[in-house]
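Next up: the structures, one after another.
Two complexes, one shared chain (chain A), two partners (chain B, chain C).
Let's look at the complex of A and B:
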């Protein structure tokens, strides 16, 4: 018996996260009939029966393990949280440590919200530095879309301070002035004034953030709850539900189906996509469409393409998986730093993000923490240690304060170059929600390690200037790193069908009406948190699709 | 008496007077919003369930945000004043003031969070086109006692001010020292604007109005929209036992002046409520002293902006930090402490009393000495209060314990900044 159809649409968007939400909203606003499908639950959309933000916050509050997945772990479908949730291939030199969230709003539920732009050099790594690959587009091509993305997400930032950073000109101001720097930012800024490390000025810049510094777009200003990761309890931080909700509230709203896992993109013999097949509440369904957009992040998107054997003449689908490697250093400062007032990080040092050194070692960005020792010593760990030592009541409280108040951390977020050996591959095994299981191979090369070890020395210099009561705390295992949650690559864009999956307009080289959106497009990862770039690309794709639809007439594939 | 045309300001004197009035209003609004935020319960010890606790904290955070923007508006009004030859003014009449004190036709009172309180806040910040057009007129005090102006919302007041900047010739109006204008590079108000000409004055006023009442396109992302959203949510929420707010006394004072009606048991009218519980009284007086010092420091910075010394920057930083590190925890503690007897439900509250406007001496060395001396004195008072009150009322102890050390740290910071 044929699977029941959900209907016929102009576009089916796979994934209801920030990228799927943006593309859906733009197209639906333009009068297109859009179906959005997400494998996860209906989170925080404000409709009857949806899981509320308050429920998620409540689950976080009662979890012992307060990692990024804490509010979502209880959901029947929630996505992998860390390397423990992946199967790693035998040839994987390291573990891949970044997870993602399945569900409306996607991984932006637990992102930090930092949204620096990529730099001109990031788009031309091969040309400028002889490593990695070039993008088919440059910073200037994306610049107007960066501005629109900052407007859409609601970014608070210091326009003057960031204009021209490593050649990245800005043509539009941020929609909001920057989030107030944390107390420790000001202490550090003062300590580093006029200081440099190996000739590079240690200039502190405000980190642009998709977090309201004032009421914006119907959402409140940040109240400094300091639990952006794993969830903003008040919605001051942007997340993907913003545009999903907007798309559902239009006069001609988009349609959203959650707990709907797309298992196959339906493609004709001539390579034209005609819709998707999906499991909706465990029932097989289809949806017909004139175009299909895959916006299921950088693991589920290639998984779906690999499952269908699509768009892979280049053999690049699933390859070139990237992240940023994070390393933390922390100190007990000589004076109180009063962490946890405001977001976990509001400033950083961008001086090491570009330069001729990229021929030899990876670039990195340094984040100044406002979260004590960060992952080196989470506050709940400090509290538990003191409890186990027998402290209770006011004595416990004052001891926690005494221990945590002077803690300060810096973290490096270091570039990882694309490598064909790094990626996801399908493997044999039981199907998962109608999709084949996969394994990951991920090995961090010496280029990146040289970068993060250099970063560690820069951090050491910073700590020396700030002043500490004892030696800084660094992870002694130099091979160790944390995931940044910046999953990139796996369906890279490029001019050549033989070396890339999609072209510069995000269209699959082999399928004229199949598009990819999101960070899986990235040929290289630079040092910027990737969401803003993905959002800019998504808005650019939406504009492109509008034009294709307008030119294509009222029926048939575009 | 000379009657002026309504809605039009023509002279510097009128403009100075209205800007001064705007300073009073912005300052007073910040206090009323803070008082309501302090009164909100915040935890299980208040008998709130999980969801109600989240709500109350969210509302409090938004009230604090609006209050912080009112402080920004006060600072912005000081820049507007300085641009045309005025000086920063932090005075205001003490609470309460009757509905006819300002043309707003709304009483200026400190009252805890409630639907009625929110209704008053909404009226303060109402968009001009929605404003209640009931007018009352006010005669301003010397030296401009021959002028009359009408406005029924804060936004309308700024429209009047804007008319002054439009009507008075630009080349004669802007006589202030340009370098004295305080900007975001100097003070941690990222949205503050320098005012040096008509265009920048327009932008500053537009920003204040947009943040308060919103724009014609958007009445949501502004104080008016925030209050309305909170009100809607409160009205649609089942009240927990005892409500969301503590029973803070209206217009609490540490002592009643002879012209004030002292009526501890009254809840209506414009009467003050005298705090009589010794612990609350002690903290109330400390609150007022710190509040006054903070204002004097901030006003000093804006009066001396052209100095641009690191020390001055530090004075500004300390003043702003005092709001968060000292006044906020003290205000919250006062809302938790008894008004009279520990066994009664009535709670005290932050008095926000200004005894008098006393500017710091212009000499930085003298000002420095006075500030550091006062910080030290108040640190000692705070320590003593923390140990005494904290023992008796353990719930407020943690809030008080940090104040004395913070004040001493401020003194050290100012000393280290090398006063010019």
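Let's look at the complex of A and C:
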């Protein structure tokens, strides 16, 4: 018996995260009939029966392990949290450490919200530095879309401070003025005034953030609840539910189905997509569409393509997996830094994100932390140690304060070059939600390692100027790094069908009405948190799709 | 003084807090009584403290100094104090070995102990997730 159809749509969008939400909203606003499908639960959409934000915050507060997955791991479907949840291939030299969220709103539920733009150099690595590959578009092509993405997400930033950063000109101001610096940001700024490291000025810049500095778009200003990772209790931080909800609230709303895993993109012999097959609450269903957009983030999107043997004449589907490798150092400063107040990071140093050195070693971005000694050293550990030492009463409380208030960390987030050896592959095993299992191979090379070890020296210089009571604490294991949560590269865009999956308009080379959106598009990773760039590409894709539909007839594939 | 009142006073002496929320006093006493390690000893501890605290020569600082090294009551008061500071009880024999991966055991049914943790106001901050603050407060040093 044929599976029941959910209906016929102009577009089916696979994935209801920030990217799926943005594309859906743009198309539905333009009068297109859109179906959004997400494998996870209906989170925070405000409808009867949805899981609420407060429920998720409650789970955060009662979890023993308060990492990025804390509010979500109780859900029956929620996505991997870290390398512990992946199967690694035998040839994987390292572990891939970044996870993602399945559910309406997607991984932006637990993102920090930092939204720097990529730099002109990031788009032309091969031409400029002889490493990596070039994008089929440049910074200037994407610049207007960056402005629109900043408006859509609601970004607070310092336009004057960032305009022209490593050649990245800005043509529009931020929709909101900057998130205020923290007390410790200002301590560091004073300490670094006029200072350089190996000829590079240690300029502290306000980090642009998708976080309200005033009421914006019906959401409140940031109140400094400090748990951006893993969840904003009040919605001052942007997350993907914003545009999913907007799409559902339109006069001609989009349709959303959750707990709906797409198991196949249906494609004719001539390579034209006609819709998708899915499991909706474990029941097989189909949905017909004139175009299909895959926005299931950079692991599930290639997984779906590989499962169907689609879009892969280049052999690049699932390959070129990138992340940013994060490391950090921490000190006990000579003066109070007053951590654990405000967003976990409000300023950074972008000076090392570009330069001729990229011929030899990876670029990196530095973040100043407002979270003590960082995510690896929760302050509860300090309290436990002092209680164990036998302290009680007022002496205990004042000792906890004395130990915690001067803690300070700087993190580095270092570029990883694309490598065909890094990626996801399908493997034998039990199907999961109707999809074949996969394994990951990920090995960080010396280019990146040289980059993050250089970053450590730069951090050492910063700590010296700030002043500490003893030597800074760095991870002695030089092979070790943590994931940044920036999964990229696995369906990269390019001009050549033999080396890329989609073209410059995000269309699969082999399937004229199949599109990919999100961070899987990135041919290189640069040093910016990738969501803003993915959002800019998504809005650009939506505009392109609107035009295709306007020019096409009223039925049939576009 | 009943057990709640005794536990309230004991908790204030052990933590140095000037006052404690009544719902947490109740909740923490209940949790400790149900804890396999602390439970059996809570009755004798409260009885002994009530007796000592009622005496005219009771000195809080001396009480803390004497109970901390006590081989039986020392570990117990440390569990009580950690519960007040963090909202959780330690899971393993944490006094013997404090490892980085040692976990705190939060009550899975009630977020209030976490949000009521005393260590956060102690460091001039707020419980994670509940700042009670205004935009930009983090630019300034804490008020206290």
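The working rule: the second predicted complex is superposed on the first by the 540 of 558 C-alpha atoms of A that agree within 3 Å, B and C clash if a C-alpha of one lies under 4 Å from a C-alpha of the other, contacts with A are read in each partner's own complex, and residues count from 1 in each chain.
By definition in this document, a residue touches a chain if its C-beta (ideal position, glycine included) is under 8 Å from a C-beta of that chain, and two chains touch if they have at least 3 such contacts.
No experiment lies behind these values; they were computed from the predicted model shown.
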What is the contact status of A:431 with respect to chain B (first) and chain C (second): first, second, both, or neither? neither
Is the number of chain A residues in contact higher for chain B or for chain C? C
Going by the contact rule set out at the top, does A:233 touch chain B (first), chain C (second), both, or neither? both
Thinking of the overlay built on chain A, is A:381 touched by chain B (first), by chain C (second), by both, or by neither? second
After superposition on the shared chain, which partner residues are touched by A:221: those of chain B (first), chain C (second), both, or neither? both
Is A:177 touching anything from chain B or chain C once the two structures are fitted on A? First, second, both or neither. first
Once the shared chain is lined up, is A:471 touching chain B (first), chain C (second), both, or neither of them? neither
For A:420, is the partner it touches chain B (first), chain C (second), both, or none of the two (neither)? neither
Shared chain A footprint, chain B vs chain C, residue numbers 57-58, 61, 180-181, 183, 186, 213-214, 221, 223-225, 233, 341, 394, 397-398
Touching chain B in the complex, chain A uses residues 54, 57-58, 61, 158, 177-178, 180-181, 183, 186, 213-218, 220-221, 223-225, 233-234, 341, 394, 397-398
Quick one: which bits of chain B touch chain A in the complex? Just the residue numbers, please. 50-51, 54, 57-58, 61-62, 64-65, 69, 184, 188, 190-191, 211, 220-222, 225-226, 317, 321, 324, 394, 397-398, 401
Which residues, counting only chain A, touch chain C once they are in their complex? 57-58, 60-66, 180-183, 186, 213-214, 221-227, 231, 233, 336, 338-343, 346, 370, 379-381, 383-385, 387-388, 390-398, 400-401, 404-405
Given the complex, residues on chain C that touch chain A span 13-17, 60-61, 64, 67-69, 74, 77-78, 81-82, 85-86, 88, 90-91, 94-95, 98, 100, 102-111, 114-115, 118-120, 122-126, 128-142
